[in-house]
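Here the chain labels run A, B, C and D in written order, and each chain numbers its own residues starting at 1.
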Amino acid sequence: MTDTPKTDKPDIFDTRESEVRGYSRSWPATFAKAYGAKQWGEDGKEFIDFFSGAGALNYGHNNPVVMNPLVEYLQSGAVLHSLDMKTPAKREFLETFQDLILKPRGLDYTVMFPGPTGTNTVEAALKLARKVTGRQHMLSFTNAFHGMTLGSLSVTGNSMKREGAGIPLTNSSKIPYDDYFDGETQDFLWLEKVLEDSGSGVDKPAAVIVETVQGEGGLRAARAEWLRELSKLTKKHDILLIVDDVQAGCGRTGSFFSFEDAGIEPDIVCLSKSISGSGLPMALTLFRPELDVWEAGEHNGTFRGNNPAFVTATAAIKNFWADNTFQNELADTIAALHQRLDSIVEKAEGASIRGRGLLAGLHFEDDEVAGKVAAEAFDNGLLLETSGPKDEVTKIMPPLTISSHDLEQGLDIIEAAVLKFAPAAEPAAV
Amino acid sequence: MTDTPKTDKPDIFDTRESEVRGYSRSWPATFAKAYGAKQWGEDGKEFIDFFSGAGALNYGHNNPVVMNPLVEYLQSGAVLHSLDMKTPAKREFLETFQDLILKPRGLDYTVMFPGPTGTNTVEAALKLARKVTGRQHMLSFTNAFHGMTLGSLSVTGNSMKREGAGIPLTNSSKIPYDDYFDGETQDFLWLEKVLEDSGSGVDKPAAVIVETVQGEGGLRAARAEWLRELSKLTKKHDILLIVDDVQAGCGRTGSFFSFEDAGIEPDIVCLSKSISGSGLPMALTLFRPELDVWEAGEHNGTFRGNNPAFVTATAAIKNFWADNTFQNELADTIAALHQRLDSIVEKAEGASIRGRGLLAGLHFEDDEVAGKVAAEAFDNGLLLETSGPKDEVTKIMPPLTISSHDLEQGLDIIEAAVLKFAPAAEPAAV
Amino acid sequence: MTDTPKTDKPDIFDTRESEVRGYSRSWPATFAKAYGAKQWGEDGKEFIDFFSGAGALNYGHNNPVVMNPLVEYLQSGAVLHSLDMKTPAKREFLETFQDLILKPRGLDYTVMFPGPTGTNTVEAALKLARKVTGRQHMLSFTNAFHGMTLGSLSVTGNSMKREGAGIPLTNSSKIPYDDYFDGETQDFLWLEKVLEDSGSGVDKPAAVIVETVQGEGGLRAARAEWLRELSKLTKKHDILLIVDDVQAGCGRTGSFFSFEDAGIEPDIVCLSKSISGSGLPMALTLFRPELDVWEAGEHNGTFRGNNPAFVTATAAIKNFWADNTFQNELADTIAALHQRLDSIVEKAEGASIRGRGLLAGLHFEDDEVAGKVAAEAFDNGLLLETSGPKDEVTKIMPPLTISSHDLEQGLDIIEAAVLKFAPAAEPAAV
Amino acid sequence: MTDTPKTDKPDIFDTRESEVRGYSRSWPATFAKAYGAKQWGEDGKEFIDFFSGAGALNYGHNNPVVMNPLVEYLQSGAVLHSLDMKTPAKREFLETFQDLILKPRGLDYTVMFPGPTGTNTVEAALKLARKVTGRQHMLSFTNAFHGMTLGSLSVTGNSMKREGAGIPLTNSSKIPYDDYFDGETQDFLWLEKVLEDSGSGVDKPAAVIVETVQGEGGLRAARAEWLRELSKLTKKHDILLIVDDVQAGCGRTGSFFSFEDAGIEPDIVCLSKSISGSGLPMALTLFRPELDVWEAGEHNGTFRGNNPAFVTATAAIKNFWADNTFQNELADTIAALHQRLDSIVEKAEGASIRGRGLLAGLHFEDDEVAGKVAAEAFDNGLLLETSGPKDEVTKIMPPLTISSHDLEQGLDIIEAAVLKFAPAAEPAAV
């Protein structure tokens, strides 16, 4: 327990905040300061951050690259909140996003500002897909996570979160994610079959929504060839493909969009979390221009014009994505992480690596280990989350900008914890 | 057209942003600066703001009261983004909200941070009401607006927005709002009857969700006695009462919560828009402590810990709500507005006042007038929105902090526009 | 208790049949014989039948008019079961129905055989209305009863029956039936308003489904002018009007279709119960020829070609509806019934007449009275059901063919029971 | 065209009956007489019947075994229509069913009369399963057919029939039927995985509903070991198992219940079609006594007490199921059919046998063949239906009582048609 109350006053988080809070239970510190890959408790305790605001802090905490323009903007008398009115900050974001993100990748997406959270962009994507196709069914994957509002929850897998809806979640069904059957069945056997069989009872969907890496669902990463096959199948059957890149996008897997490696071009892309570059709320829904059948105001949201976020988003893109420098450094960081994870799993019986890029995980055969590792890590100054339906995977998600030193230090803590709780591996025969 | 393009370059808002945008069509300026009750276009044109960020800017643009602490916070190295981890900024917000808002009003609400937008807090409220009661049906009112994600949309009235869902909106039905039948029927005749009649076919609802003033639905304001009757009825039938105070709350109607006048105590209250005091995204769901049956993490959201918003929210509450000074000044502003509106409607045939406090409207018998008034106002330097299913009401929503001078100037523009488009009233007989 | 078990053997109805059984509890006799308006228990006890097989035996039990041709048909080697293959019996039914029912009434309905029960014809009607209009919402009335399968149940009012679904009943909402507010509000105030208000949140329905008399919902009868107004409103808004004439049709209210008096022509009509004339299962869905957009086999059912029922249906129509004789006699029976009911309610405080034609009821202010009257009636040899959400109405539904003698005898039993359980009325002042 | 109109009068089936009719198109005769395995057109043309009323005529047309008691009953003055009142005919049916069907098979099912059609018993089963478990989701199989009312349609596979609903079919999802992937994946891989994975997003179902042979879905027969595995899985996960034995039951596969061979005991069993033994409408829902949680009247239906059907049902059971004689003869018929089918498929390239018992089919690689075979068969005097999502299987379903002579004659017609339309097989190498 790192967070000794200073007085006898009862903790207002206990007395006033809802039981729904989660992280403050696993990590019972009060975090006062943060910079780069580190956070400090009120008592001065230092933590390396392998959590990155659940993916919203890809460039680290309080990165001057975004914070300086932000403060400058706020002091300039410019418009802070503008819904979908035009502002110079929004114009500059659109131009920057177009010129540095879309054009170099040969992508021609229309940009929608759907309200500044992940679940907002997913809801907008689902609505648009249904409107465009006139179909009502939606397919999503086992262990998917897309958000907590009713539409997003309908395409989410986790049963505890689903039950929170209090009503049946309808108009969608689940299909197996890559390697769901541990290699026992061929990819898309089920999907192909039900789409081609008019008696399957699976209504032709408006879209398939997919995460390239399942950040909440246990860090399963889809293979590039699986994504290509999925893209081919949806095209063949005239079904829209939505990539929910809320967590895996913005560089997290090594490229700006997580689907670049696979060489696919989804019909709709959802971005949020790190798109603002600063942790400020922002989200985008991108789609092929032909799909832009919205009526004016048919989807809206009070905070869809959060200019401070546009400012930091612009700064982040200009700084990190104007050329390949950052992406190359990121490749090194990814390589370093995975080399070290390889070495860790070699030493621990039943441990294996999950995920891709800096959206990685360690899976243990014993479901209890991941939680123990995370708790031990916290005690030793590392913020590390678990993931998966049974919290059976430790989730390793440092800022993309983490230094080698901080990365290795965090991994040292992980290795020690793993070796403490997972059985030691038999030494490989020489 | 006030926004002459400086170059021949095509406008990126036209070429890249989705057709879903709305305000940038009615108000084709690019807004560069804003302060208090004013915004300025890039070309320097000044606008008085009777829109207030759709209610998110109750204390005006760039109010130093909130902007100074915000900049200071951002420069301090404190945590910006924290999900539901503990931070000093969140603690101070909770303490301030408890001590200056809840306690003085005798309210004991548990506070939930559901994600930083209005639709997030509504979705959380609906989920909680269903979970607590084990019932699935929800009642909402004709012309209600509660948000654009699937759950919120289900309790919303507007048919264009509903159709955007692309699927049937289920598990809710509509009941008539106060005075829906223009005084022809007694209040709650339908609600009482269907609740007491086990053959009504209206399933017993988990909750009734209500706005005290329908900001999007045409500025209808419920009478205090109607709200009391509603509260009594829901209590009698063991149904939860949710007040969606996203737009009408935070002082907009003259008191912090819009239901204070009525003397009722809803089971669940939704706040967003002006709760941050600055236009930064933030939302709260408040509920009676006995209703706090959430499991940890059962509802979540990446941006639920937006510390800059906590900082500005705290500053706004401390500055405006620590004693009665602001509320008294606000009463004067409200009186001034309504006195002037009275005078305007006397001069225009078929015009009438809608709404309550600074959430007011002018309704015209001819559905076309409101839109013409708003367009004319824009040309003359006033931002004025329309509301209602046919955009038949001009919506008058200046900052709560507007000066008499700006208020009168804006109203002058309105009066001139009204007299231009609405038929003149017969002079009253002497 | 009239049904003394003959032996000590446990009653197989108790040991083997499901708890879902109902009538065998209220009427614990075993009925061995039946003829006309009478049934006899195994022990020989005679009952006058004011129940008529819940409306399926409008021409009484074992009426030779239908039974003779039935037996003849069964002995002839003709086809008994034919799905929707052509048979001479079906052809003759179609010709007879066309020539003696439709043509004389100036009705040009296409005839569908949807499966031989009431709920089948309602489900077919709802499906067709949704298919034709492309709309999904359905409006039905408070206290409506349309059947027990999922689609029909969705438009039914009774909460106990609705809960039997085990899932939320969606895609429909309820509007107030004629005089639901006891004359306090004008007809269709709600319906007109929500249809004309695009912000009402009541989605434009595919159809409105209505019973002209609510047989299960408490014997409320809609007034002819109310039905006309409903018909006008649906036409005006391009909404289909479905009359569920399953119980009120086939002469029960004095004319073949219950809506003839009102002079309306519904878009779709559901018939079942007495359409076979014999109690054999049969149902029809009638609709305007332009609505016949079904694909072959898009709705089906194994027993939709129940030829024995076609034979008795044909015989019944030929015998009773070839000219006005029967209808004139029926008018006398109806007059006799209502005269007598008038006299009964004059003597009992708080009693009033419900219903229309031979689908009548006695409503008592004290909800307990109707049940007591029915129980007492059974003991005295009269089968009499209750109706309404609280079983607060005695339902009086003798065969249309009942003799004056049997009718008066049954009414004597009712009068005695009413006077026993309802408080005596104050004698009217002279 | 075998059915030359006798006059110039337009055919009333064309002018008055709905386009929804199906069989009268494929088989454009008017069927006047029927006996045993034969039907005769009005013009005297004889047809062998390999259709058996879609399974409702297992004992052939007009079998004196059931017709004599039926006529006798109808002439006796006994009660024809009784809802769920007690009658001697119902008592005798219950006793007979208990003593000759349930007891000898060691089954202790409570008997419910849910309304006299297949879809009625399925709807009752689904409602009961949801009520008992408090769960709302339902699992059914690819290519399942369970009926045309909304609840049954939700668990049905055929897309054309599903679209007829006009609304999304919710609260159920589909799982692969036995051998859906042509042996490529292990049984229940998907079902086991999703039930055990709390992140699968497939809500825990109230029940799984299954046909042991998919009569409408292409005559796929589940293997006994698959059914056993399914039964084990549902028990393990506390999910109810519903066997829809509407088409496969009543002896069709060689035993009274189609699941007897597999040695399983479903929680709920649906019977209809041939349960009356005569083609008269009747249905039963059977379930374990512990599941009988219905409230009185919670599910009902006007024709649930169709006494003529009880009489023929009793007669059929007494005649055919009192001892093993009939079942042994049936085994011979089945053997004869399958021997002959073996021989046919050997001669035709790409032909294979589907189904089980006398619910058999011929599948052809070329989807067009089955339809051509059926049309040719009709011309040559054999009634033969097609089945499957593309009508790619000829369905062979003669009465269980068919004589060897009629069986062989029908098969001769099939063989000739198959050899005409399917490519001849390469002679097997010696």
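In the analysis below, contacts are C-beta pairs under 8 Å (C-beta built on N, C-alpha and C of every residue); 3 or more make two chains touch, one makes a residue touch a chain.
Keep in mind that what you see is a predicted model, and the values were worked out from it rather than measured.
Here the C-alpha atoms of subunit B line up with those of subunit C after a rotation of 180°, rounded in steps of 5. Between the interfaces B-D and A-D, more contacting C-beta pairs are found at A-D.
Here subunit C and subunit D face each other with the same set of residues for the most part; over half of the interface numbers are shared between them.
One simple way to say how far apart two chains are is to compare their mean CA positions; for subunit A and subunit D this gives 50 Å.
A straight line joining the Cα centres of subunit C and subunit D is 31 Å long. The mean-CA centres of subunit B and subunit D are about 58 angstrom from one another, to the nearest whole unit. In subunit A, the positions touching at least two other chains are 136, 160, 167-168, 170-171. Residues of subunit D touching subunit A in their complex: 136-137, 140-144, 155-160, 162, 168-171, 173-174, 176, 180-181, 184-186, 189-190, 193-194, 197-204, 217-218, 388-390. The touching residues of subunit D, counted against subunit C in their complex, run 3, 12-13, 16-25, 27-35, 39, 42, 53-57, 61-62, 67, 70-71, 74-75, 77-88, 90-91, 94-95, 98, 110-113, 115-120, 123, 126-127, 129-131, 134, 136, 147-152, 154, 160-161, 163-167, 170-171, 206, 246, 272-273, 278-281, 285, 287, 292-303, 306, 308. The residues of subunit B lying in touch with subunit D in their complex are 167-168.
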